[in-house]
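Common to both upcoming complexes is chain A, partnered first by chain B, then by chain C.
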Partner chain A sequence: MRMARPGEPRPVHARLVRWLLFAATLAVLEVCARAGMFDPLALPAPAQILSALLRLARGEEFYTDLGRTMVTVVAAFGIGVVGGLPVGVVFWKLPLLGDVFEPYLVTMYALPTLVFYPILLAVMGLGPAPIITIASVMALIPIALNTMVALRSIPPMLPKLGRSVGCSTAQLYRKVLVPAATPLAVPGLRLGFAYAVIGTVAMEFILAVSGLGFRAGYHYRYFDVPEMYAEVLVIGVLAVLFNALFGVLERRIRRDML
Partner chain B sequence: MTARPGSTVVLDHVGVTFAGAGTHTEAVADVTQSVPAGCFVSVIGPSGCGKSTLLDVVGGLLRPSRGRVLVDGTEVTGPRRDTAMVFQEDSTLHWRTVLENVAFGLEVARVPKARRYERAQHFVDLVGLRGFERHRPRQLSGGMKQRVAIARALALEPRLLLMDEPFGALDQQTRMLLAGELLRIWQGTGASVLFVTHDIHEAAYLADQVWVLSHRPAVVKEVVNVDLGRPRPTEVMLEPRFHELTDHLWQLLRVEAQKALAGEARPG
Partner chain C sequence: MSAAARRAWVAAGRAGVVMLVLLTWAAASRLTDLVPGLGPTLDTLVDGFRDGWLEAGLAATTKAVAVGFGWAVLLGFPLGYLLGRSRVFGELFDPLVAGLFAVPRIIFYPILLSWFGVGMLAESTMAALSALFPIAVMTTAAVREVARGPLPKLAASLNLNEAQQLLKIYLPAIAPTLMVALRIGFSVALIAAIIAEFFAARAGLGLLAARAYALLDLPRMFAVVLLIVTIGFAGNLALWMAERRLSPDGG
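And then the complex of A and B:
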């Protein structure tokens, strides 16, 4: 490797390369698809997917599906946060309780919660309730576990410092514990959100009356493959956007704790 | 900065016993001692003898099992606004800048923003960190982090400063330099100091009196008055009187350190 000399141009930005790679992949897919190298039922050309997306965007149905999926995801994630954070805090505050119940949560983590969907469908009926129930449980677990681990990993010195300068309990949480736990707790939120998306879309795919997952499955079954890919693309873009939002949130939390 | 008088600290038959699962560890046996106002007291003793425990009790972080601590005649029941603590471990908040760390205590005490940053800046300058205000702790050396901790404590303008081996994790040159600076800064404050260390040279150089603690459970074995005068340049460490004092401290400490060592070597 060569050493950089002062005045030399800086190495090309990694972000630029990343985007070029993305564009190049799209171009290769486009060329290969047009050359008939893929089964069009398996992988249509990117341009076809884009035109399917534009077609969908002109109809009303797409927005109903989009709205339904987003409301379900946000509701499931919201329940996961509102339930998961306190559970994590309690497990940290009462280590005995944490030690007793942690294995249960970890086990539920490993369990394919989705298999309970048919049972919940039978109990709750075909609506958003069974989907929100399962997706929120899926979101809650990583949020609770990460919150507990994040709080447990705070060096005892920091709360001791807080107490020595006379922090009230509220100040201790706001100024010391929350910012100290943030770097480990926010990945739990990210994971929880990802699980909420996966749970929602997967169950819509199995059986629902609307939603992007349902629509993608519907188009799949009717061989409207470009439409299906368009819906998958929208779900992917939403997931990426929310993930970026968590990055911003993480930086905000730590800055605003002052 | 006005030199308000330091606090008077009275330890009245203080004892601490830690109760574990089926075990009782007596950390501090029975300490009755006092720190006169504005006095710099070093506390030395063998490792694990309960020096830090004693400091936590005076700081109101730990309730003594027996006896009580009076600061200016009032019993300590929790952390006091006019007492500040500095610890051996890194106590910087790593998401805050140097200036924000120094302002932390003032912020908790709800000092208005403009005033607290002005005051924090003064103490940043005083500990020699000017130019590092916007740095994060991870960009600092161990010695600089301890300067931050000292500035954070001083910014509260405490009348009692409790320092728990603040230079314990630093290299020899850095701790000598910081000890010199601590004396210079302390003399402008008039605060009383309880300074825990296991370094007899540091203890003698800094203090007006040194309390030598016994092996656990701790009692004060002897109080050694340090008659070296002030202001005290680091060259004082070359004087014969300094050597007499440190030799005496070492003789006292050695017996206790040997007991501690024997205690550790005992099986079980």
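And then the complex of A and C:
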């Protein structure tokens, strides 16, 4: 095993090897599935999954599900940001309040918020509202927590310096506090987005009537195994794409700040 | 304000939050039939333990979470450590692990069901799969942080072998982060097990809640929800306090 050492040249072919490994895995799966080594109801051949995906992409239902899931995720994330940032700022401004609520915010991660879904369903009906509510709460928590931590970790010298050069309060926020807090607050946004996706898909999965998460479970119940794999694949690819997008954004913002 | 007075205020405030939640619940149960009162819910909880149905569900969920969490630690920590220490593994598998970390893992549950059938194996695998990636990702990040510092030079100058480096250098240095990873892992394993049981299971608290909901047996549903929330809250709080004790600034 080679150990990481600073100054050692990066392996140039990592990307190539990665794709080769990926292709080899697919090929092995395809051959084994065709040879009848797997139960087709458990693991269909990759080619079958691909043709199921193409079949789905020709239908209208797929785009309804996709749209519903995307709208829910974006709405939940939006509410999480609009609610979470001010909560983080308030908990930073009033440290006593922040200390009171911190253990609850931290443990909210562990509360399966989704157990409240049946109750929300009874109150709000079988629309997107209960899912958006739960997913936005899940997105809000990491955003609020990270914002609080980010603001608390600003060295007190910076705002003092700002005041000493005569910053107004608005200028202090815009020119000093926001840039100083951003490197720690942006990972909170990224986490919040991941939680919005998880909340949405999980809710759709257990008790919804449309959306990609629902459709994966639906195909399972009707033994459409290749279709089920295709939906899982779509959700996976979407999640990875959005995560990569946030990664690029994060690096860009950090480069601007530091 | 003195430090002692501040601590007292914080403790009072935290107790106040619990009171506020209970009062809101009581008020909501007065306002709507959808929310049963505190009394009937607690009665159902006690009855559930006396009659045994709640205990069976609790045992099934606990087992799924414990087995899943155990496997997630056993596999996630070495995986994360390897990715952090070995440049080759890191270069090759970083994107894969980061990608899987971002995917809502619950979506693999139908696949697990078609592999293992409905039952404990599918649930505990689901819990393990969910907790594995947060543990691995946080371990990798912590190991890389240590590797950037002065400690590896110390290890080299002392001629420590691989096992000694793990036990004497890395493990103590990443212990605080590891505690965070374990807490998040536990939370995620619990949530995954409950969602899995909601979808399809033979026993468990999630299944009990889903059934009570289907029958519109609200006191029973609230009793199960209360139990789930208490387990998540208590487990997480205990791990959080251990974590603060371990953290460098002493919490």
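FYI, the second predicted complex is superposed on the first by the 229 of 258 C-alpha atoms of A that agree within 3 Å, B and C clash if a C-alpha of one lies under 4 Å from a C-alpha of the other, contacts with A are read in each partner's own complex, and residues count from 1 in each chain.
Here is the rule we use: a contact is a pair of C-beta atoms (placed from the backbone, for glycine too) under 8 Å apart; a residue touches a chain by one contact, two chains touch by 3 or more.
If you're wondering where the values come from, they're calculated on a predicted model, not measured in any experiment.
If you count the residues of chain A touched by chain B and by chain C, you find the higher number for C. Legend: residue contacts after superposition of the two complexes on their common chain; A:R252 is shown touching neither chain B nor chain C.
Of the two partner chains placed around the shared chain by superposition, chain B is the only one that A:C167 touches, whereas chain C remains out of contact.
Of the two partner chains, chain B is the only one that A:M157 touches; chain C does not reach it. In the overlay built on the shared chain, the residue A:M228 is in contact with chain C alone; chain B does not reach it.
Of the two partner chains, chain C is the only one touched by A:L41; chain B is not. Once chain A of one complex is fitted onto chain A of the other, the partner contacts of A:A194 are limited to chain C, with no touch recorded for chain B. Looking at the shared chain after the overlay, A:K175 reaches chain B, while chain C stays out of its contact range.
Against chain A, the residues of chain C that register as touching in their complex are 6, 9-10, 13-14, 16-17, 32, 34-35, 82, 84-92, 95-96, 98-99, 101-104, 106-111, 113-115, 144, 147-148, 183-184, 186-187, 190-191, 194-195, 198-199, 209-210, 213, 221, 224-225, 228-229, 232-233, 235-237, 240. Listing the residues of chain A that touch chain B in their complex gives 155, 157-158, 160-167, 171, 175-176, 179-180, 182, 254, 257-258.
The touching residues of chain B, counted against chain A in their complex, run 59, 61, 78-81, 84-85, 87, 89-91, 93, 95-96, 100, 104-105, 107-109, 156.
Across the interface of their complex, chain C is touched by residues 1-6, 8, 10-11, 14, 17-18, 21, 41-43, 96-97, 99-101, 103-104, 106-107, 109-112, 114-116, 118-119, 122-123, 194, 197-198, 201-202, 205-207, 213, 216-217, 219-220, 225, 228-229, 231-232, 235-236, 239-240, 242-243 of chain A.
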